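Below: one structure in structure tokens.
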Amino acid sequence: MGAVVEWKIGDYRQAEEPFYLPVGPEVQLFEAAAAGRLPVMLKGPTGCGKTRFLEYMAHRLRRPLVTVACHEDLTTADLVGRYLLKGDETVWVDGPLATAVKKGAICYLDEVVEARKDTIVVIHPLTDDRRMLPLEKKGEVLEAPDSFMLVVSYNPGYQTILKDLKQSTKQRFIALEFDFPPAGHETAIVQKETGIDAERAAKLVQVAGRMRALKNRGLEEGVSTRLLIYAAVLINRGVDMQEAIITAMIKPVTDDQVIQKSLTEIATTLLAED
Amino acid sequence: MGAVVEWKIGDYRQAEEPFYLPVGPEVQLFEAAAAGRLPVMLKGPTGCGKTRFLEYMAHRLRRPLVTVACHEDLTTADLVGRYLLKGDETVWVDGPLATAVKKGAICYLDEVVEARKDTIVVIHPLTDDRRMLPLEKKGEVLEAPDSFMLVVSYNPGYQTILKDLKQSTKQRFIALEFDFPPAGHETAIVQKETGIDAERAAKLVQVAGRMRALKNRGLEEGVSTRLLIYAAVLINRGVDMQEAIITAMIKPVTDDQVIQKSLTEIATTLLAED
Amino acid sequence: MGAVVEWKIGDYRQAEEPFYLPVGPEVQLFEAAAAGRLPVMLKGPTGCGKTRFLEYMAHRLRRPLVTVACHEDLTTADLVGRYLLKGDETVWVDGPLATAVKKGAICYLDEVVEARKDTIVVIHPLTDDRRMLPLEKKGEVLEAPDSFMLVVSYNPGYQTILKDLKQSTKQRFIALEFDFPPAGHETAIVQKETGIDAERAAKLVQVAGRMRALKNRGLEEGVSTRLLIYAAVLINRGVDMQEAIITAMIKPVTDDQVIQKSLTEIATTLLAED
Amino acid sequence: MGAVVEWKIGDYRQAEEPFYLPVGPEVQLFEAAAAGRLPVMLKGPTGCGKTRFLEYMAHRLRRPLVTVACHEDLTTADLVGRYLLKGDETVWVDGPLATAVKKGAICYLDEVVEARKDTIVVIHPLTDDRRMLPLEKKGEVLEAPDSFMLVVSYNPGYQTILKDLKQSTKQRFIALEFDFPPAGHETAIVQKETGIDAERAAKLVQVAGRMRALKNRGLEEGVSTRLLIYAAVLINRGVDMQEAIITAMIKPVTDDQVIQKSLTEIATTLLAED
Amino acid sequence: MGAVVEWKIGDYRQAEEPFYLPVGPEVQLFEAAAAGRLPVMLKGPTGCGKTRFLEYMAHRLRRPLVTVACHEDLTTADLVGRYLLKGDETVWVDGPLATAVKKGAICYLDEVVEARKDTIVVIHPLTDDRRMLPLEKKGEVLEAPDSFMLVVSYNPGYQTILKDLKQSTKQRFIALEFDFPPAGHETAIVQKETGIDAERAAKLVQVAGRMRALKNRGLEEGVSTRLLIYAAVLINRGVDMQEAIITAMIKPVTDDQVIQKSLTEIATTLLAED
Amino acid sequence: MGAVVEWKIGDYRQAEEPFYLPVGPEVQLFEAAAAGRLPVMLKGPTGCGKTRFLEYMAHRLRRPLVTVACHEDLTTADLVGRYLLKGDETVWVDGPLATAVKKGAICYLDEVVEARKDTIVVIHPLTDDRRMLPLEKKGEVLEAPDSFMLVVSYNPGYQTILKDLKQSTKQRFIALEFDFPPAGHETAIVQKETGIDAERAAKLVQVAGRMRALKNRGLEEGVSTRLLIYAAVLINRGVDMQEAIITAMIKPVTDDQVIQKSLTEIATTLLAED
């Protein structure tokens, strides 16, 4: 039975360091932003490691981490808090953003562009020199301590005219850009996460590389590192390597039978090489 | 009078094994995913046996099964739970997803693509290495036990630009693809479910095969195994075979009078052969 | 003053047999479906006798009948039930579908295609081998007794891209198709319902036949048997036959002055013949 | 200060007979429908006397009259009734339709086509041989006494694809068609309502006739009898006749300066004749 | 600190007479309408004096005035009233329209076309010979005393297909049309309101006249008298005349830099003369 | 842990004077408007200093400042106030606009055009000579003291047909127009805010100038002064100057890889000069 734990503060301070291999100056830039109290935007495709980077930084900076997956129906109240009936009076219950402000945590709004405009606007006073969170329904204002930090993620490939951040929101963040990790890094990640041997991990990365090259030429998005790890998990459980690639890396990514077949042929060819 | 039973946990652990005839490596792949704690997506057309497969696997893995039929108005609260007024205070009532997490069950979101985006996003933290379910309204987080497993179904033939899963959702699952069972399998299923004789079962399967070949050439979707079983049930109650095919296999599938007539002629011809 | 009666269970078991003249094998097919516990879909145009057929079958099968007129704003809660504040606590009140399941009644969803998708999806678990109704808000499941039967009606002439049943819903029903009754039958019905003489009843049916031939050639829908009965009612109250036809059969069906005039001329000509 | 009176039952039974001049057989037809318990639809343009006709009939038949102005946001609950918190428990409050059923009144849904589809569907069981009103939220059914009668009004000139009655609704009514009254009738009405002399009343009717001839040639709708009465009221208060026509009959009907000017010229010319 | 006063009854009866200079027969026509209990529609562009005229008439007629600014989300309940929880039972609170009916006041619906259709329909029974306001939620009807009067305003320049009054609403009002006041009148108004000297007031009016001539040739709407008053207020506080015109009369009206520049040149030229 | 402070009144009266360098006559014009009780609209692009100007004026005028970030879902109740359940009765809680009126503060509606029309209309009675705020839900009216002032901001570059202020709203304000500060001013601001040396501050301003010249030629909006300050903060923490410009000034503003590259080249060239 699943235990009931406290509000979703990811406390990476005492835990083991999350595994992350830096690619560029992102660690230094994030530390400078944290020290200078600047909000940060992480840009990049699905599953390229943005969330893991943030867990790593939270551990490194010894700050708690509050994560919110944004979506179209996330209301301001979901972020900030709301009144609930308890017994015979209304009680205020803090939302994740208010919790993060109070605890001086990093608040991470994942896929921020999915949120409704009003939900996004609520972060404005936290991202200028006021650094405060108005609890409008309560008639109060929370002042953010120095350790509070706002981080959002954003997939530039998904933006449309209807779904984009306003400039008046974008210009409240410094931006770090991510892409899929280099082959050596990704092989190490797959090994580390699943215990698979280096040779097969490298093969999975090689197949992924070929698939990613097809982005915008039949594939909407490149295959994420997570799916490589899924494939390795299946292989560890005795699934045939080609079957694992089809099941974990090809079929989740596309419904198109023709493209599925081409990708399977590419994988077969690569597996046949050595 | 219908009895009031506990929350819709399908407990296949003590029951008789659900009848399922494997077609490919789907049983092995599902077991590997279960052991490796990977989320699974079942892809395939209406009524081809996805749900039955899952009941079979739940029995085989000795895990309870919680099924949710997704639709446009399914809210996050419907899945996760909500506060209700009981007497003079608010009481929290778990939704099916929270129930499944607590009981370490398989949670099955049938036709997940029908759900609103926000309802889908709520499964994200359960499908990455956090494996947790935030109860945002309650300010709590449930941690999923190892036996908890998330399974979704998805009919690729139905997707449109408006209704499709985001890549950031799709890439959280391994995918098993299903199609209508081979003729021998389907004949056995119809016999097993209705007690009809092999010859007539085979005839129904033969008619279905012809109808399925017309998909995208006048028929929106192939006839499901369920309708073959309906036809057999009518035949068992004394309905003429052709009448049963028209009533159970042709008229439910299409409103087009011309196509109904062609299908009836095809059936008549096949029934005349022996 | 109208009496307040119990929840809208139409109890045709002790009442007089509703008047229905069978046209084809629909009675036998419906009985086979009832015996085999199959859900039934009644297809056909407005006012051709689908509802009356169902009342007749309910009486014949000695089962109570619960009727729900579907519309765009019918919610799942309207069908299944909801919590209401009574005194100082919330009380659950069953909706018509839950009532029908508990009483082992026939539940009739009239014009099911008008309902919202989520309302339709709620019937899925009742129409497969689970035969159960999840009361999601209550965390309970009702199991349907053998005598429970789900029947829906559906007017194929009304479907549009926006309003159609999904194949995954359609393929849960056997389908019986209805059309306006043959002239002899309809004359008998009009006589039986109003006590008008055979000659004038036949004349009204003759006018209706001419009007129905104009469907899709100026008339959106054929005139229903109900309107013939209305015309006969007016005639019985002393209204002139032509005036009755104009008032009860022509003006309700079309707003187009030119078509009204042609129809009036057709009626005048037919009335002049003898 | 306005007195607070009982629920909007228009009780014309003891009052003076409302002034109405029959044009065709509408009185006889309405009486036949009332005797035969048939629902009635009144068709015709804005302000041609449909509502007055109904008040007249209510008086003549000695039945109370309940009027509901339909609009896009009229809910089923607005018609049928709802639960309200009173003290410490919920109390049911009947809506106008339930009130009319209980009192055996005529219920008049004015401009029924403006209502939402779900609001319209709620009248279906009242307009077939069941003659009952399900109070779904209450789990009860009201049976309509013989004197209950449902009347709707409908302006065929306003219908669009989006806003039209479904045939399955239309074919539940007999239809009486209205147009602006003949000149003699209308002159008498204006005189009767305002006490103005016959000559000036006839002049206003003459101007109105010219304006109505311009319908669909610059004017969306003909000027209603009500506006003629307004003009006469102004004249009685000392306003110049031409000024009264401009203010009460021309400017309310069109915003177009050019058409206003033409209409003014027409009026001036007609006033100059004698 | 702002005082809390009673519900927004504008009581102009004891106050000083609002300053209004009649242009045509509008005062006489309004008085005739008031005496004859006719509803009135004020047509004309933004800021041409409609509201001031009404305040003047309210004072002249010695009737209280209730003003409601209409908008898309104004509900029927906002106008009519609603139940509120007070202590442990629900209490009815009258809205402005119900208040006006009870007090026999003039109720002014400003920019009525902005309101939702259902909000507009609620005035229908007040604008025919019933002169009553049904409080549907309360099951009561208020009868309007003779002194109650309904006035709406309407800007014909703003109407679109989506936002227009229905003929069945328009034809319930007599209509008075307004335009910007003649130069002499407007100069007097600006002087009266701000105490500025006649020469500079006339100059502002002259600039406004030029700007209004550009309506539909780059300017969406003419500059309102209110903005002339704003300019005079700035001038009185020591702001340079040209700066005041730019700040109060040009920049609020258009965002277009090119048009702003042309208007500034026009103003400069006019100021340079004599 | 963030302290809980009183409702978001920004009290600049006792605080240090906010840093603001006047560019034109905006301070004098704002003071004249404040003295003359005129509402003010601040027009200009994102991040050009409108908010800072207002903080400066609030301090200078010794008035409290209430700021509201407008968005699509801001309701009238969010501005004006609402009833909340407290214990066993409903309690009224003032919103920011009501608070500002009561305290005689400046109320600042930031990005007013984002608000829903109904939210904007609520300010109408505060912006004409009534200077009052109707609390419709409460049936009360607040009268604004002389020191109350309404200020809105508005970015002309963002307006679309769907999102624009109505003329009847615009013409209630005098308008002050802002642009990015001149180079010397902006250099001083960056220095003052971050302590960076003049040379590097000037370099950042020079880069920003080049970027702003590309507005509407690939860049949607010019880079704001805030982002220059972010870049300086990073530089102060040891980040390389070019890296800081890319991270804080280029990547937040555009997702386009080609434009990012051109901007980086421009920056590199400018940094190489000295």
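Think of it as A, B, C, D, E and F in the order they're written, each chain with its own count starting at 1.
The criterion applied here is as follows: a residue touches a chain if its C-beta (ideal position, glycine included) is under 8 Å from a C-beta of that chain, and two chains touch if they have at least 3 such contacts.
Model, not experiment: these values are computed from the prediction.
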Same-site or different-site touching of subunit C by its copy subunit D, using the half cut: different
Subunit D on subunit F, rotation in degrees - Cα superposition, rounded to nearest 5: 120
Rounded Å distance, subunit B centre to subunit F centre (Cα mean): 53
Rounded Å distance between subunit B and subunit C, as computed from the means of their C-alpha atoms: 30
Junction residues of subunit E, two or more chains touched: 85, 88
Chain contact topology (line, ring, star, complete or other): ring
Order around the closed ring of chains, commencing at subunit E, then subunit F: E, F, A, B, C, D
Residues of subunit C that touch subunit B when the two form their complex: 25, 28-29, 31-33, 35-36, 38, 41, 43, 75-76, 83, 85, 88-90, 101-104, 116-118, 120-122, 124-125, 128, 130, 132-134, 136-137, 139-145, 148, 156, 159, 166-168, 170-177
Partner subunit F, residues of subunit E touching it in the complex: 1-8, 10, 46-47, 51, 67, 69-74, 78, 82, 84-88, 93-96, 99, 110-111, 114, 155, 158, 220-221, 223-224, 226-227, 230, 233-234, 236-239, 243, 247-248, 251-253, 255
